[in-house]
């Protein structure tokens, strides 16, 4: 979902880059790193956020586990996405027969991110005054 | 969304591979290629589907434009996802003031695929008799 | 190897983008697409080159098969890399015992591209007057 | 270069997977993680190696800085690639005019890895008794 968000931010005319893409520049104190760790932390997300902080970048963390996650300590701002992730999809046990969850593991969190990012991009399009035509014209034709 | 579907199919214990990943084997007559072209066709999707057909593979195409798309001719089966894509997000013009679409370009199609794939994976989990625990145990820890 | 070249071109301060990266803009008549098809053609390379041409972009093709390849017809310029690829690594057959090639399939071609790209980037650094320090400062710290 | 190595190992019929590919399974005590950190360490490489160790996997680290690097502590085995990397490409300063290095930053290390991996894959093909034809037949046709 972060890849889609990154593409949409670039469509808006912003200087957006995806970590691990070929032409991503170094992060500076003027930049914001947007990270996601539904269950609260992943070793690689922690690593990238730590590097971003050490170079003066700000970090926005999306997570469903703002209390217990390992990545929170690197975040300047935390966006709490109140959705089931792999961290709590097994917690409703307790003796009774376990039924198949309709949206297992991190699916609810992924779906919540999809809706959230659409809302954010819609609002940013308004605020930046970018017309739908201008946004569309930035979409690559090499596909 | 296809990347997520591929991961979920591998979680189900199926021999699933993502085109362009490093260890994807050659396609054979026993394999099914699942392709998506919301607007009906992309040059690269056409190219991959054409190669798959020429090696005897079957092709399932997801599209919102089953009538007019260029990829349909390679498909053994077409899944019609009735959602707006880049092919028709500008069609409602006609003189009146154009308002900002809440879900622009291919967003509705992407959301529809998200829901569809969750439903398909849920059903396949039942049919294959794979328990949620077995599925979860196949998720990588290298993240 | 093209990924590495793309990164080096961005290090030089050029507006370089890798096809399929998230923030790659549409190609325009001012842009050059650098493509590689050692054996002379791949369906996806043909597809991307075709799209680039149809939008007015110029195409530089690297290949070891400039005579017979399917991609050549899209190229404004062809760079002939005289190296073995998958197109001719089996040609030396003829009855005698087949020995294991030290550099099989496309390995010689890949190695030749590595050396070629280093030379090109070195020359471009001189021409553009970009100091090694400036080049290095553009390398991402998010790794 | 690790991506190319992973592809070649899969060509040899081994169960090889690239970290971050869609279908990569969890690492187990039976698995070997091959990591590379020319300058001795990257935050993300440290993170992945740490996870691999905590799940019982073994770690082989390729590096040009076996003495000082941060990743070495996770390695069961270290392959010392004696080549210049970003860690020491600026060290030969000392008052005199700095000339442009022919192979700057990590280029020598990348080239050394290319040669090393070709040699390793050649030897493994012999040891495993995999014929060039069998190896080639595992190369994907979806490209």
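The first chain written gets the first letter, and so on, giving A, B, C and D; residue counts start at 1 in each chain.
Note that a residue touches a chain if its C-beta (ideal position, glycine included) is under 8 Å from a C-beta of that chain, and two chains touch if they have at least 3 such contacts.
Quick caveat, the model's predicted, so the values are computed rather than measured.
Peer 1: Can you check which chain pair, B-D or C-D, has more C-beta pairs in contact?
Peer 2: B-D
Peer 1: Would you kindly say which chain has the C-alpha centre located farthest from the C-alpha centre of chain B?
Peer 2: Greatest centre separation from chain B goes to chain D.
Peer 1: Chain B to chain C: how many Å between their CA centres?
Peer 2: 29
Peer 1: Just give me the whole-number Å value for how far the CA centre of chain C lies from that of chain D.
Peer 2: Distance between chain centres: 22 Å.
Peer 1: With chain centres defined as C-alpha means, what is the inter-centre distance between chain B and chain D in Å?
Peer 2: 32
Peer 1: What are the residues of chain B that contact at least two other chains?
Peer 2: Residues 20, 43-44, 48, 51, 139, 143 of chain B touch two or more partner chains.
Peer 1: Touch graph of the chains shown: is it line, ring, star, complete or other?
Peer 2: complete
Peer 1: In their shared complex, at which residues does chain D touch chain B?
Peer 2: My answer: residues 3, 6-7, 10, 16-27, 33, 48, 51-52, 55, 137-143.
Peer 1: For a test of understanding, state which residues of chain C touch chain B in their complex under the given definition.
Peer 2: Contact set of chain C toward chain B: 20, 43-44, 46-48, 50-51.
Peer 1: Considering the complex alone, what residue numbers of chain A touch chain B?
Peer 2: Residue list for chain A touching chain B: 4, 42-44, 86, 89-90, 98, 100-105, 107, 110-111, 114, 118, 122, 125-126, 132, 135-136, 139, 143.
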